[in-house]
Amino acid sequence: MSAGDRTPPPAAPPVDPVDDRPSASAGGAGTLRRALTALWHDPPAVAGTLVLLVLLVVGLAGQWLAPAGTNDVDVDQMLRPPSGAHPFGTDELGRDVLSRVLVAARVSLQVGLVSVGIALAVGVTVGLLAGWYGGWTDNVLMRGMDVLFAFPVLLLAVAIVAVLGPGLVTATTAIGVVYTPIFARVTRAGVLAVREQVFVRAAVSIGTSDLRILRRHVLPNIAAPLIVQTSLSLAFAILSEAALSFLGLGVQPPAPAWGRMLYDGRGFVTDAWWLGFFPGAAIFLTVLAFNLVGDALRDVLDPRQLTVSEARRSTR
Amino acid sequence: MSGAAVPSPRVAGDTPVLEISDLTVTLGTRNGPARAVAGVDWSVAPGETLALVGESGSGKSMTVLAATGLAPRSATVTGRVRLLGRDLTDMSGSDRRRWRGRHVGFVFQDPMTTLNPVLTVGRQVAEACEEHLGMSRRQARSRAVELLDLVGIPAPGRRVDAHPHEFSGGMRQRVVIAMALACEPALLIADEPTTALDVTTQAQIVELVADLRRRLGTAVVWITHDLGVVAGIADTVAVMYGGRIVEQGPVDAVFVAPGHPYTRALLAARPRPGAAGEELAAIPGAPPSPLDLPPGCAFWPRCPVRGDARCAHELPPLVPLTPAHRVRTFYPAAAAGSRDDAAGRPAAGSRPAGDDPAPSTPEDR
Amino acid sequence: MGRFVLRRLLQSVVVLLGVTLVVFLLLQLVPGDPVRVSLGTRFDQQTYDALRERSGLDRPLVVQYLSYVGNALTGDLGVSFRSGQPVTTIVLERLPATLSLAVTAVLLALLVAFPLGVLSAVRSGSLVDHAARVFSQFGVSVPDFWMGIMGILLFAGVLGWLPPSGYVALTDDPVGWASHVALPAAAVGLVTASILTRFIRSSVLEVLAEDYVRTAEAKGLRPRVVVVRHVLRNALIPVVTVVGVQLASLVGGVIVIEVLFAWPGVGRLTYDAVQARDYPVLQGAVLFVATLFLLMNLLVDVLYARLDARITLR
Amino acid sequence: MTRSKIVAAALVVALTALAGCSAGESVDVDGGSTAGGSTGGTLTAAIGGEPDQLDPHKTSAYYSFQVLENVYDTLVEPDADLKMGPALATKWTTSSDQLTWTFTLREGARFSDGSPLTAQDVVYSYRRIIDEKLNAAYKFATVKTVTAPDPATVVVTLTAPTPNLLANLGGFKGVAIVQKANVESGAIKTRPMGSGPFTVASYTSGDTIKLTRNDAYWGPKPKLDGVTFTFVKDPTVALQNLRGGEAQWTDNLPPQQVPTLKEDGAVTVATTPSTDYWYLALNEARKPYDDVNVRRAVAFALDREAITKAAKFGQATANQTAIPKGSSWYYEYAPYRHDPDQARQLLGGAGVSSRTMDLMVTSEYPETVTAAQVIAAQLKDVGITVKIRTLDFAQWLDEQGKGNFDAFLLGWLGNIDPDEFYYAQHRTGGTFNFHKYSNPTVDTLLDQARTQTDEAARKQTYERAAKQIVDDASYIYLYNPDVVQGWSRKVTGYQVRSDRAIRFRDVALNR
């Protein structure tokens, strides 16, 4: 996808216009390459990717890009509307909203990436074990996941944050926990399908170790749904973080977070629309970008995956 | 069959029930246009059975679907189609829908998916009568009972209110046939109606259709990839490959003297009685992608005769072998033997499988 | 069918036990002594001991858990640290507000999603379809609380048409209720509508590709008949599931919107309990909601099985 | 009927005289009869949050007291100038040694269920607070016995002279007279039974508390049929409710809008300086805050005007002592100007160059969170990096109790007598001395002032203590917020009080 990628785009996927499902044997690297190529041909996905790139830059370099410090309190400049000096206006403490929105990108990305990372690591491990070993291991692990799945997402996150105390770390953990079962389920379903395939059975018959089979044969073959799930979960996780912050349970002041800015600005929305508008728009754009990319990936990698479970698992 | 149904008007003399000329269908796909059917002509007379034969993807189903206005929305259809003397291509969409529904019955391949799972079979069998014959719901139901009885479903009065999943595959196909016959159509289009069934049931269904045709005088277009079925039921046969007709003629003539290498290969590939368990002689290679048809003969990459460069670059015309028997090849009957079991077999066998330099996508399954 | 229901029921019981365990263990995760924390300045040994004994925190963990489950079965979810009222009473008091919001939101969502989803599938590739896809992409990406804030800004602030927040019981004053529920239900409903639009669209598209739809078309039925009789009946079966699931998750999950709009439902109760460290109420509300969520999901699955006769064959 | 009216009128006159009201102040003697009692309407008051419970002895939430102010009576109560005057007690006498106080109860005082309120109820209420060590127990620290020699007389004996006993017994509804049966049935948590002008009719958790007029009330009959309290956390919403007519009264106005609201006049907005104060406390049990110079440095580093502006949008007065101007206890003293150089110098002198300060604030009072961010910015200028820790209140209190903080921000609300707050907060070992301040001089002064019966001398003692407390920067006082309340133009007879007590008994609603 980068400009440096010199490989010519492969010819349009071969044959049969009716069936464009990828062949099951494509491995992880191939999956990713195919996905990236396909993204390049989908305008919304390109837009989403560009937004994400910008976000990444802002997330990494927000401090330096921000025209002012995030905590430059100036009581003589309180609640000023957008102007040349403050393109997004100032907040109730006279701080530059643009700077805070820029710096807050890092929090959102960080919580999103880390929590989904946790969910991915734990969920995939659980799913692999449950799917591969079956029997009691499967039963115990998956019933455990069912239990976590039995709570509405935000409720569980709020409950976890409530007992552990609000803050960045607990919010990240809570979101990670909440999104774990979906990865476990996706992984397990994939493992069950792959387990019966010839190359896996062959590997078992020649005595390859379980760990090696899982890593070399199983994981690459379930990469597609996992990639899709990851990108969509990122969107949900960022929304969840914003919701927690909006409840005052996420990152604590004075550190800026989009949800928290909405929370703090709530009392002033009717006087100062910019306090409510810009942070919300930032959340929206970020989530939208992840969704666009995620949807495009799904179309390419896993076209039949709009399932009940996805509808079940949004942000609530 | 003493019901209130009004049969399709029987056309006078030898006016074909369905007449297709120069039909071309192009499908818009994500990967560009795909020409599924190209310049197809054929007709079927009242009471006649036409068998449309070819591998899957050869365009035989698309031909009839496009002809009757059932092509997917992405398709562009050109050419002329006359049903009972009326030009379907000139009609408005809704006229065409009515005309088709009234005069053509369809039997599709898989009875498991052809029936709507949430409606009773009776409702599905007779709803066309409500639509086209102005029957009331009640009349339609008793008509459905009659039809179920006609196709040999036991206890039709009770079964009429059952849902499809309560029927076996063979019984379902009988339901589908009953449904196709609901308005006593002039034409029955049977699109591989036996493929999804076991052998015994297949025979029963074939027999049922033949019997109904005799009793009702319906014209039949029978689509199949299995030449074995064709011999028993069809009057004429049209073989399709890559969206075109490659050979067409009376069943006897085609079976006795197949003019096209592809027909010969198909005949060779057909399972023969007494050879059960024997490996079928499959045709090496794969049919061409409709996205990427060669300029010349579509069969050329797989052709055992192979001919010369002309085959690759120039489309062979349909040439008559006899007035009713036409073949699309530059080498008609050149290698044709006289007996069907000899025909093509040595030719097909002369090239070892796997040594096929087909340009199309070697890694593709 | 019967066996399927029984199996799902048993599964739900197991999961429910797990849920009680999680909810019970939540309290064990509280850093420090929850009773001490909840008492704050009002700390004195007597009250502390009394509260601790009342909440049974002086007994062994296993005993505590068993009695928690036992009590929960009889509808006793403990007593609020804060107000001393039974948790069950408090939660039940809040339920009507939440239900009325959730149901309104789902109805509103269906009102939009149903025509939009069906139309965009039937006319796939058309302008309507594109509009629907933009709408649903927008809806799933926009935070509902932001929509809520923008709604307040516009309809309560600039236009002054609707009250910015608050609650009037439907039974007290239907008009007042409607004017109060409009903004929060729209904010929540937008997201739900997007999810449903997508789902209905894909479900209808899937059915449109079914052979029996081609059969129906082959019969020459009018397009409307084909869509209504053959397509929708089948396409709506999975949609029922998703609507049910959405409703279930709204009943338990509209915390943010309830807080934003001062809607006295279960979500805000949960939030208030968090703020006040009223652990029995937090536990009770979470357990209650999770149970409800589970039961509604069970109901939806059973309903789905009933509606989709094919499932019995599998 | 006529007779009781005359009695009531006589009582009111007597009451007025006893309370020492100035002659110019109007007393609505026959308010009960003119309103007719049936057409007063119901006033909806939007308050900023929900009471935790309605047991006056057990709750500590201001939201509860907003409601309970109108439900309960105390023996005595503060008037508009916060002077203690009669309520359930019509008069009282003090023995010459100041150790025995005898109160005479009002004739005809009844609980809202019609049962009489007697001296036994007073004894029961006080014993409950003392014996069960409830929140207000510290107000009875010097009380030895409470007895009821007859149904109309309560005798309180003390272990030491307690000049502020009246403030202790009537300063807020946390020392209200409750009904034993109501307590024992447990109903007091949601359906408290008082003798005040209104009684709780219904309580919908999360939504409203509805009061109806108490027809058994001993005072002038309230003009309103009832008062409905709704809980509106968001000030913008409360304002909109007020403007839209859904509420007729609120104390939860968006501070940034108060100046325009006052001008615009669509609703009545009144402000009065409150007796509340907000402060920063540094933990003297931790280095380097045990060093007075470090504390003074922090005091110099702060720009109180900016903090006040940010936290309250000008609806507050910066102050370096606890007591606001206008109070009879006010003491003018402001040694700290905003002077970062001075602060740096002091810090340098104390050997503190740069350090981090753990500042604990609570989301329960958002202004602490706001103020903390301004303070953080100001302290950064003098080399102190502030790490703000926002906790919910229960956890905050827990941490405060354990001393787990470098500094915290909080307010002290509804103050009447200095003993209450100075002693608890600055006396060595005081109940609220969580920051471990200890200065023997201050201890002596506070001990002395507690029992001083001469008011002028007592005031002087407190001034000396206050000066020392400020000099030591035991607390770094920040500001006294204004009481800001707004009500519809239909509301008449409402008075904003500096102790934030909200009394609807004299209010009428025009239509």
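Chains here go by letter, A, B, C and D, matching the order in which they are written, and residues are numbered from 1 within each.
The rule is simple: a contact is a pair of C-beta atoms (placed from the backbone, for glycine too) under 8 Å apart; a residue touches a chain by one contact, two chains touch by 3 or more.
Keep in mind the model is a prediction, meaning the values are calculated, not measured.
Peer 1: Over the chains that touch one another, what is the least number of steps taking chain C to chain D?
Peer 2: 1
Peer 1: Based on mean C-alpha positions, which chain is nearest the centroid of every protein C-alpha shown?
Peer 2: Ranked by how close its C-alpha centre lies to the overall one, first comes C.
Peer 1: Could you tell me between which two chains the number of C-beta pairs in contact is largest?
Peer 2: Among the chain pairs, A-C has the highest number of C-beta contacts.
Peer 1: Round to the nearest whole Å and give the separation of the Cα centres of chain A and chain B.
Peer 2: Each chain's C-alpha centroid was found; their separation is 50 Å.
Peer 1: Between chain A and chain C, tell me the centre distance in angstrom, where each centre is the average of that chain's C-alpha atoms.
Peer 2: 22
Peer 1: Centroid from C-alpha atoms only, then distance chain B to chain C, rounded to Å. What do you get?
Peer 2: Distance between chain centres, rounded to whole Å: 52 Å.
Peer 1: Could you list which residues of chain D touch at least two other chains?
Peer 2: Correct list: 234, 236, 240, 363, 392, 395.
Peer 1: Spell out, as numbers or ranges, the residues of chain C touching 2 or more other chains.
Peer 2: Residues 156, 274 of chain C each touch two or more of the other chains.
Peer 1: Give me the residue numbers in chain B that touch at least two other chains, ranges are fine.
Peer 2: none
Peer 1: Which bits of chain D are touching chain C when the two form their complex?
Peer 2: Those residues of chain D that touch chain C are 50, 52-53, 58, 60, 132-133, 135, 186, 189-190, 204-207, 230-234, 236-237, 240-241, 244, 246, 363-364, 392-395, 397-398, 401.
Peer 1: Please give the residue numbers of chain A that touch chain C in the complex, ascending.
Peer 2: Listed in rising order, the residues of chain A that touch chain C are 44, 143-144, 146-148, 150-156, 158-165, 235, 239, 242-243, 246-247, 249, 259, 262, 266, 269-270, 273, 276-277, 280, 283-284, 287-288, 291-292, 295, 306, 308, 311-312, 314-316.
Peer 1: Help me check something: in the complex, which residues belonging to chain C touch chain B?
Peer 2: 210-212, 214-222, 225, 229-230, 233-234, 237, 308-310, 312-313
Peer 1: Can you list the residues on chain D that touch chain A in the complex?
Peer 2: Result: residues 234-236, 240, 254, 256-257, 305-306, 309-310, 313, 363, 369-370, 372-374, 376-378, 380, 388-392, 395 of chain D touch chain A.
Peer 1: Which positions of chain C touch chain D when the two form their complex?
Peer 2: Going through chain C, the ones touching chain D are 32, 36-44, 46-47, 82-85, 90, 93-94, 97, 156, 160, 163-167, 262, 264-265, 268-269, 272, 274-277.
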